[in-house]
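What follows is a set of structures to go through.
In what follows, chain A forms one complex with chain B and a second complex with chain C.
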Partner chain A sequence: MEFGPHLMLALLEGAVTSAVLALTAMGLSLVFGVMRVVNVAHGAFFMLGAVAAWWIAQLVGAHPALGFAAALLAAPLLVGAGAMLADRLILARVGYDPERTIVATIGLMYVIEQTVLMGFGPDARPVAPPFDARIALPWVERTAEGLALYWPWGLSITAYKLFVIAAAAAILAGLWALMTRTGAGLVMRATQQDRDMARAFGVPVSRVFARVFGLGAALAAMGAVLVVPIQQAHYLMGGDPLLLSFIVVIIGGLGSLPGTVVAALLIGMTDGIVSVFLSPTLAKIVATLAVALVLVFRPQGLMGRARA
Partner chain B sequence: MIDARRSLLLHGGIVACLALLAATLPAYHAGNLTRILVLAVYAMGYNLLFGYTGLLSLGHALFFAAGMYGFGLSAALGGLSAGAALLAGVAAAALVAGLTGALALRTRDVAFMIVTLMFAQAGYLTILYLGTWTRGDEGFVLPAAARRLAGFDLRGDGARLVAALTLFSACFLATAALTGSRLGRTLIAIRENEERARMLGYDTARLKLVAVVLSGTLSGLAGAAYAMLFGYVGASFATVQYSILPLLWVLLGGAGTTVGPLVGVALMFYLIDWSSRVTDAYMLVAGAALIGLTLFAPQGVAGLIRRKAAPWLP
Partner chain C sequence: MTQPPRPAPTRRRALATFGAAGAAVLLGDVARMAHSQGAGPLKLGFQVHRTGIGAAYGRWYERVATAAVARINDAGGIAGRQVRMIAEDDGTDPRRGAEVLDRFANLHGADLVFGPLFSNVVIGSAPRAAELKMPYFVVSEGHHVASGTLNRYTLQPGITDVKSQVRSVAPYVAANIGRKVTMIFPDFAFGHDHREFFTDAIAAQGGEVIAQIPVPPAETSFTRYFPRIPRETEVLYHVMVGPAVLTFVREMGEFFGGRGPALFGFIDSLEAVDIASPGLEFLEGSHLWEGMPRFAQPDQTGHDARYRAAVGVDDTGASIDDPRDVSTYAHMFGVWETLSVIKAGMETAGYRGPSDRPALIEAVEAMTDMPLSDDHPQGDKLFNGRTHQVFGRQSVSRVEGGRLIRVHETSVEDTLYEDEVDYTTRPF
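Presenting the complex of A and B:
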C-alpha cells in the first residue's frame, strides 16, 4: 500500500481508539469536575461494563445484533446503579474527602476485580459484533482523465468500527445536550461551580453527587460495551483505560469537559502513530513521564486555564 | 521522662518477644516471620512519610524496586559482594527518592498522589524496557556469592531469620529514636499544620524532601534486603500493587505509630495467606480491608489502642 491510504487507515484506527477513550475519560472528568474526587475504580467500572455486556449477550442469545443492543442499553444502567450504590455506601460516608476517597476507591477497584475473577473467571471472552460487514475504502488516483477514485486492495475497515465512532460521537452530543440544555445539567454545573451556594439555593447536592458518580461509571461502561466486540472482556482489562483516562483528563485540564474531548482525540490519534516509531513500552514510559511533568509544572493542564 | 522510659521498654520488649518467637516457632511460621520482618521495614519506611509527615505517596514501589534492582544488578552483573551491593541498592533508592521528591513535592494532596503513581509506573515500565539486563517480568535469581554476608550463608533458613531480625530491630529502634527526636517532632508538626510550621520558621520544603529521602532510603533498604535474603529480583515488585500494599499495612496497623507497620504487615500477611488457601481472588481481602479501614477505623489497630488504652503510645 502507498503512504496515503496507509495513513488514512492509521487515522481511522486512531479515531476508534479516541472515540472509546473520549467516553471513558469523560466519565472520569465529570466525576472530578463536579465532585472534586479522583475515582481510581473507574477502570474497574469500565471492565464491569464489558463483562456485563458479555453476560447480557449470552443471556439474550438470539441474533448478535439483538444481544449487543440489549447490552448497550442495559450494561451502563447496571454499572451506573452499582456506582450509585458505592457512592451512597462508601464515598458519602467518607464525606468526599479527596485522599480518603482515593484509598477507598483503590479498595473498591480490588473488590470489583477480584469478585469478577471469582464469578467470571480468568479467561478473556469475546462478544460477537452486531454486524460483520467490511467496507472497502476508496482512494484518489491521478489518471489521464484527471482525478478518479479507485479501491486499493487491502484498504478496508469493518463497518462496526465506523459504527463505534458514530455511536461515541452521538453519546457525547447527548451528554453535551444533557449538561447544557436540561435542568439536571444545570444543577450539575451549579454544583460544580460552588457546591455550598448550590446547596443554599436548594440543590440536593448529595443526590446530584450520586447521579454524577453513576453517570460517570455508565459512560465508562458505554465505552467498554462499544469496545468489547473488538477487544475481548477480561477481568484485568480496566488498567490501560484507567491510565489513559488519567492522562487525557490531566492533559485536557482537570474537570474541563471540552478539554477532555480534545485531549482524547490527541492521545488516541498519537497513540497509534507514536507506537509505529517507538517501541510500545518506550512510548508508554515517555507518555507517563510527560503527564507527570505536566502535573508538576502546569497543573491546570495544557488547555485549562489557571483557577483563581 | 516517664514516656521515654515506657517507649524504651515497649520497643525493647517487642524486639525481645520477636527474638523469642524466632527461636521457638515451627519452620513454616518462622519462614513467614522472616518475610514479615523484611516487609515491615518497607512499611516503616512508608510510615515515615505517610504516618509522620502526612504525605500520601502511591509510588513507593519505585523506591523498593530501586533498592532491589540496585542490589540485584550490581551483584549479578557488576559482581559486587553482598555488602557492597547492599550499599549500592540503598544509594540507588536514596538517589531515586531525591529526584522524585524534588519534582513531586512541587505538587500537593491529590496531585502528589497521582504524580508519585505515574513516576512509579514509569519506573516499572523502564524495568520491562531494559529487559536485556533485568529480564523483565521473569526476573532473575541471584548467584550464591550475593547471598553471603559477613561469612554467613543467607540461603539457610536460620541465618536468614537472624539477618531479618537484626535488620528489623535496627530499623525499628532507629525509627523509634527518630520519631522522638527534634526532626521527628518537626515532621509531625508539618503533618498537623504545614502553614503553622512554616510560620514558626521551619523550612518545610526542605524538611519534606528530607522525609521523602529517608522514607525512600528505608524502603530501598527493605527491597535490597528482600533480594539478598530470598535470592530473587523481579518486576512484579515494582507494580502498583507493591505501592498499595505498604499503604494498606500502615493503615491497618496504625499510621503514625512506631509499632503500626509491624502489626499491619503481620495481620495482612496471615489474612492473605489464609484467604489464598480458600480462593485465588485473595486480593479481595486487601480491597475489602482498604474500604473497611477508610470507613470505620482510619487510625488502625495501634491508633485504636492509643485512643482507648494507652495515650502515651509513640
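Presenting the complex of A and C:
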C-alpha cells in the first residue's frame, strides 16, 4: 500500500481506538479522581458491558439496529447498577482504604470473569452492527494527465466505525456537561477536591461514591457496547482495555478528565499509526514506555496538578 | 462490621483432621492400586481446552470424545473392560497443560492421556508426559510430533500434520488459484509450521510467497495487518485461530470490498463459524482446505453419515440441537479416530495396567494401514510408527451458495514426506 492511503487508514483506525479508549479510560479516571480507588475490575466491567449487549440484542431479536439501540441504553444501566451494588457490598466495607480496595477489586475482577464464564460460556459471540455500509475512500495520484482520483485497495471505513467516533464524542460531551453544569457534577467535584469538607457541607459522600463507581463502570460498558459489533463479546476481552486505560490515565494525569481525553487521543493515534506501519506489539511497547517516561519525568501526568 | 473471632481450632481437633485426611488419601491410593492391574474400568485422561482461546474446539472435541467412548463401551469396551473418560480443562495454556498431566498421573491414576489440539499446549505438556511415562495421544495437527521435537510417549495417530496438509494442497493452489502468494497466519508454533512448509511447497510448484504476515494469536482487531499485503498478490493464504476468527474474516472482507486477491484459507479461520454469517458473503467463490468436509457431500459415505449422527451434527456441520452451534468438523474427527487407535492398540498389546504402557506404544508404532471404516470415518490412512504421525487425504472446498463444496481431494501418497525422526530407536 502506498504511503498516503496507508497513513489515512492508520489515522482512521487510530480514531476508532481513541474513541472507545477515551470512554473507558474516563470511567477509570473518574473513579480514581473522586474516590481515590484504583479499580482493577474496570476491564471486567468493560467485558460485562459487551456480554450484556450480546444478551440484550439476543432478547430483543428483531432488527439489528433495534437490538443494538436497546443494548446501548440498557447495558450501561445494568453494569452501572451492578457496580453500585459492588461499591455498597465491598468497597464501603473496606472503608475505601487504597491498598484494600486494590485487592478487593482484583477479587471482584475474578468473580465477574468466572461468573461470566459459567453463565455465558467461553465462546466469542458477535453482535450485529445496526448498519454496516462500507465506505471506500478515494486518494489522489499523479498521472500523465495530472492529478486523478483513484480508489486504493483497503482504504475504507464502515459507516458503523464513523458512528462509534461520533457517539463517543457525544457521550464525552454529555459527561462534561454533567460534571460542569449540574448539581450532581458539582457535588462530585466537591467530593474530589476535599471529601471531608464536602461532608461538612452536607454532601452525602457515600451516596456520591456509589454513583461515581456506577458511572465509571457504565462508561466502560458504553465503550464496550460500541466496540462489540466490531470485535466480539468474550469473557477474557477486558485485559487490553484495562491495561490501555491505566496507561491513558497515568499519562493524562490521575483524576484529570481533560488529560484523560488528550492522552486517549495520543495513545489511540500512536497505537493506530505504529501498529499499522510497524507492528501492534511494538505499539504496546511504545505506550508502556511512554508511561515509564511520564512517571519518571512528570509523575503528575500531562495535565494533572502536582499535589502539595 | 466486626465479627466475634471464631474460636481457634484446638490442637487435638487439628490433629484429628490431619489424621483423617491422611487416612483418606492413603485409602484412596490402596484402592487405586488394587484396581490398577487388570480390574475395573480403564481410565482415559482427556486433556481438553474447555476455556481460553481454544474453547470452541474444546467444546466439540469433548462432544466427540464422549460419543466415541460411549460407542466403545456399547460395543463391550476395550478387551472387555469398560472405559471411563476423565476430562480436565487445560485453559488452552501450556503451563496448565503440564499440571493437568500431573493430575491425571497422580490424582486420577489415568492409564493414558489424549485430546489436546493447540500446539503450544502440546509442546508445553509433552516433556511432562515423557517424565511421567504417560502415553500422550495428541490431536493437534502440528508438525512437532513428526519433526522429532517431542518424545516416544507422544503420538499423533488420529489427525494429519500441517506439513503434509500444505504440501499436498500446494499443487492445486498453484495450478488453479494463483502463484504469487501472501500468507497471513497466527504467530506461534502452528502458524510457523504453515509459514515454513507452505513457502517451500509453493516454491516447488513454481510459485512464490511474496509476503508473510504474522498475527499474535490473542489479537482481536485485524484491519491494521491487511495494508501489508502487497498489491501484486494473486492469492491470499489465510489461517487464523482463536475466539476472534469471525472478526478476522469479516474485516478481511471489509478491507478488500470485493476487489482483493483470490483467497485460499485453512478452515481454521472459519471453524465453529457459520459460513452464512452476515458480512461473510465475500467468501463466495473462495477456496478452503478442510481436513474433513463440513457439509455432507453428494458422495457421502455411510461411515460419515453414522459418525455425524453419533456426534450430533447435521448435514451442514452444525449441531442437531442448535443450527447456530457450528462444529469444528474439519478437526474433531481426529478425536474419534484417536480413540479407535487407542482401543486397537490396547487390545493388541494385551494392556492390563500402567506397566503395559510401553507395550501399548509399541503396538501403536507397529500399525500401518487404517482403512476407511466406522473407526476411521474421515478416510483411509497410513500410520508411520517411526515418526508417530498418521497420513491421510485432504480436501479443498469452494464456497458456493453459502455451502462448502469439495472440488479436489488429494491421495494419501500426496501427503507423504521423508522421515525426520525414528522414535522407535529411543528408549522408554
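Everything below uses one rule, namely that the second predicted complex is superposed on the first by the 268 of 308 C-alpha atoms of A that agree within 3 Å, B and C clash if a C-alpha of one lies under 4 Å from a C-alpha of the other, contacts with A are read in each partner's own complex, and residues count from 1 in each chain.
As a working rule, contacts are C-beta pairs under 8 Å (C-beta built on N, C-alpha and C of every residue); 3 or more make two chains touch, one makes a residue touch a chain.
Keep in mind the model is a prediction, meaning the values are calculated, not measured.
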**OP:** Considering only touches as defined above, state whether A:I106 meets chain B (first), chain C (second), both or neither.
**Re:** first
Original post:
Who does A:T115 touch here: chain B (first), chain C (second), both, or neither?
Top reply: first
Original post:
Of the two partner chains, chain B (first) and chain C (second), which one does A:V291 touch, if any: first, second, both, or neither?
Top reply: first
**OP:** Could you say whether A:R93 touches chain B, chain C, both of them, or neither, answering first, second, both or neither?
**Re:** both
Original post:
Regarding the shared-chain residue A:L9, is it in contact with chain B (first), chain C (second), both, or neither?
Top reply: second
Subject >> Which of chain B and chain C A:T281 touches, first, second, both or neither >> reply: both
**OP:** Starting from the residues of chain A touching chain B, keep only those that also touch chain C in the other complex, and list them.
**Re:** 93, 117, 122, 281
Subject >> For the chain C and chain A complex, residues of the former touching the latter >> reply: 1, 50-52, 55-56, 58-59, 216, 219-221, 223-229, 231, 243-244, 246-247, 254-257, 259-260, 272, 277-279
Original post:
Considering the complex alone, what residue numbers of chain A touch chain B?
Top reply: 38, 90, 93-94, 98-100, 102-104, 106-111, 113-115, 117-118, 122, 243, 246, 250, 279, 281-282, 284-285, 288-289, 291-293, 295-297, 299
Original post:
Inside the complex, what are the residues of chain A that reach chain C?
Top reply: 1, 6, 9-10, 13, 93, 117, 121-124, 126, 128, 132, 134, 136, 153-154, 156, 158, 230-232, 234, 236-237, 240, 272, 275-276, 280-281
**OP:** Spell out the residues on chain B that touch chain A in their complex, using ranges where they run on.
**Re:** 56, 58, 103-104, 106-107, 109-111, 113-115, 118-119, 121-122, 125-126, 128-129, 244, 247, 251, 279-284, 286-295, 298
